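What follows is a pair of complexes built around chain A, which joins chain B in one and chain C in the other.
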Partner chain A sequence: MEAEVLSGGFADPAIQSAHAFRSVMEAMARPGTLQHISGAEPPAPLSKAAGAVLLTLCDTETGVYLAGEADCDAVRAWLAFHTGAPLTGPSHCMFAVGTWDALNPLSAYPIGTSEYPDRSATLIVECAELAQSGATLTGPGIKTNVALSVPGIDAFQKNRTLFPLGLDFIFTCEGHLAALPRTTQVSAPIGATEVC
Partner chain B sequence: MKDTSDENAPRKAWMSLLAKAPEGRIAALLHAAMDPPKFTWLRPPEIGSAMVRARAGGTGAPFNLGEVTVTRCALTLETGEIGHAYIQGRSKADAEAAALVDALMQGQSSETVRAAVLAPLEGEASAARATRAAKAAATKVDFFTMTRGED
Partner chain C sequence: MTDYNFAYLDEQTKRMIRRAILKGLAIPGYQVPFASREMPMPYGWGTGGVQVSAAVLTPQDKLKVIDQGADDTTNAVSIRTFFERTAGVETTTTTREATVIQTRHRIPEEPLTEDQILVYQVPIPEPLRFLEPRESETRKMHSLEEYGLMHVKLYEDISRHGHIATSYAYPVKVEGRYVMDPSPIPKFDNPKLGDMAAIQLFGAGREQRIYALPPYTQVVSLDFEDHPFEASKADQICGLCGATDSYLDEVIVDDAGGRLFCCSDTDYCASRRAAGHQGTVLPTSEALA
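And now, the complex of A and B:
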């Protein structure tokens, strides 16, 4: 096994994973805001942000689904060495990583049960770019509304109707992430007249 | 597969030896033999615990015997070899030394390291086992019944 595959973990795990966790928590608590996250150097095609999220949230009890190009030997070995997370298919995963196209269809992922809504998947969506423009987000954690460049609108509106079940999303791009929990309502970009 | 010889058997043997070595001994032997090579951490030493399972008499149903404190780390030498260490106890310096020995054993200087570190460790381990076995054997009681001579 090559050293490149095994390097790129947190150099100071206690501190760096706490910082990374704070970023993920802030992103989930304030949907649509961009948070900086760093510390991980995962093998291609994973972004640094996605790598840091995986290192922070995954352990031997969280099934991870690698979708599309993310499912390569380098990523598998890196994830196994640093987290020990078992790789699963989409129907049993707790985390899924990949591009939006690779992750679809969303119906493949567990949305939780009425008794345990937390037994649902969190999708880590790799985005080519992430900006505070595009679709309008409203809901808990957002004062009035914010804009976020989400890859689709219909899919998130459909996901919102499943509440309290449903999927949560983390969008990653290079060293940044934003989150879209199931509580957030996504609508088409608003015109200037509707700005509150 | 069980009938084929295990190509990792030699490495398993030295990993086992390093895991159970007394505190500070690996580092002392290694430093006496050579200057420790430069390395970079793949995984800095971290302390955790592992469940030890056992079988009564070596053949019974497995049960959880108890937890053992384990320190693990992984590093890579400048020459590219990767060393792993999982050692008993919570000494990070020992884990580092054990990982260095594991990495060196895969490289050019494996014979030097084997003679300077592994051979003495193995000798000490078997001597300790023999002493313990001898002490236990000395307490053995042989029960026998003498003829009571009733007839």
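And now, the complex of A and C:
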């Protein structure tokens, strides 16, 4: 087994995962805000943020779907060693990780049932850049409105109409993350004339 | 402290609770089932709140625990000591200094900030439970948004008492979708639930449910156009600090029917007295001299 597989996990799991979770929770509670997250050194192409989210939330009880380039031997072995999470297809996963293009189409993922809307997938979207600019977000957790560089607008608007069902998103980029739960309304940037 | 994992719970349990908290935040007001653990305290002593607190605490946090507003009652003291010993976190009784506040049945008088998390201990998370005992039915009612029964209950209050007599655990509607039990806080506290800057997490240990309110979420207390919701409190002022705007406890002080009304939020009352405010019950400094 290669050293890369064995390393890169939390050195102090209880403390590091506590800090990592607070970042994820702050992000999910305050959509559009950028949070710092650290502690994981996952193999390429996973970002440090995506690695830390997986270490914090995944274990043998959570099916993980690796989309596109994330589905490589290095990532499979790393995830298996550090979390024990079973790999699944998109239709049965609790978490999915990959780039926006690789994760699409969103119709492949479980959105929960009307009696158990929590049984829905959380998508960890790897982004080339993450900034507080672009589309305008409003909804619970946001005082007035906030801007976030989301990889699309239509898909999130469609996801919002499913409420209380729907998918939740965590955007990761290097050591940062932001989140977009199903309650958030995404609209074109203020001042923009055209929907991108 | 080294005998336990950080914050008592094992890591797999914390991951399970953390996943439930995230889904709770994503679906405000919806009760997420979770595999509640046995805790080293009886059900009804805040096992739900303790598990949620254990899942969110970091070593840098400053924890405050209140029981009906008070920092010095048995439940508050024992939970505070529990986390001092198992998580090694600093504790405080000052609302402003705390980063995580675990509460039983009150929201502090002082407005909370964006840097704070409020964790509620919840006995019965299902607002419809006393109207419909079957979980399978209440779950269906939530999924169909069928809340007529709750309005009938409030209406029966009016027909019997002339006003809505429900005074605590007053049902609210979150973001126009889920009817939620705010835990047995007095309805005086209901207006603070909505648009709060802090994250609010609710844990029910025996009933195995977690739910949440993200900051700045719309929370509306159920009412009727001709019987609007009213946040009520005892029509008195605090006998210790003279506050007119805080929620009051009624305390029997002697065998002759003597009564004292005082702030239920002990930190609020103490800080007001420290700032020089004085009620009518405490002897003035001139009288003591």
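In this section, the second predicted complex is superposed on the first by the 191 of 196 C-alpha atoms of A that agree within 3 Å, B and C clash if a C-alpha of one lies under 4 Å from a C-alpha of the other, contacts with A are read in each partner's own complex, and residues count from 1 in each chain.
Here is the rule we go by: contacts are C-beta pairs under 8 Å (C-beta built on N, C-alpha and C of every residue); 3 or more make two chains touch, one makes a residue touch a chain.
Quick caveat, the model's predicted, so the values are computed rather than measured.
Asks: Clash or fit: how do chain B and chain C relate after the overlay on chain A?
Replies: Aligned through their shared chain, the two binders fit side by side on chain A.
Asks: Have a look at where A:Pro140 lands relative to chain B and chain C in the superposition and call it first, second, both or neither.
Replies: After superposing on A, A:Pro140 lies in contact with chain C but is clear of chain B.
Asks: Could you figure out whether chain B or chain C reaches more residues of chain A?
Replies: Counted on chain A, the partner with more touching residues turns out to be C.
Asks: Once chain A of both complexes is superposed, is A:Pro13 in touch with chain B (first), chain C (second), both, or neither?
Replies: Touch partners of A:Pro13: chain B and chain C.
Asks: First (chain B), second (chain C), both or neither: which does A:Glu115 touch?
Replies: In the superposition, A:Glu115 touches chain C alone.
Asks: Between the centres of chain B and chain C, viewed from chain A's Cα centre, what angle do you get? Round it to the nearest 10 degrees, please.
Replies: Angle at the centre of chain A: 90 degrees.
Asks: Looking at A:Thr161 after the superposition, I want to know if it touches chain B, chain C, both of them or none. Which is it: first, second, both, neither?
Replies: In the superposed model, A:Thr161 contacts neither chain B nor chain C.
Asks: Please give the least Cα distance, whole angstrom, that chain B and chain C reach in the superposed model.
Replies: So the smallest C-alpha gap separating chain B from chain C comes to 8 Å.
Asks: Across the two complexes, what residues of chain A are contacted by chain B and by chain C?
Replies: Chain A residues touching both partners: 13.
Asks: Which part of chain B faces chain A closely enough to touch in the complex?
Replies: The contact residues of chain B facing chain A are 40-44, 46, 74, 76, 80, 82.
Asks: Touching residues of chain A toward chain C in the complex: what are they?
Replies: 13-15, 17-19, 21-22, 24-26, 28-30, 56-59, 61-62, 94, 113-118, 120, 122, 140-143, 163-164, 168, 181-183
Asks: Applying the document's contact rule, which stretches of chain C touch chain A when the two form their complex?
Replies: Result: residues 5-7, 11-12, 14-16, 18-28, 30, 32-33, 55-59, 114, 139-140, 142-144, 175, 177-178, 199, 212-218 of chain C touch chain A.
Asks: Where on chain A does chain B make contact in their complex?
Replies: 1, 3, 6-7, 9, 11-13, 81-82
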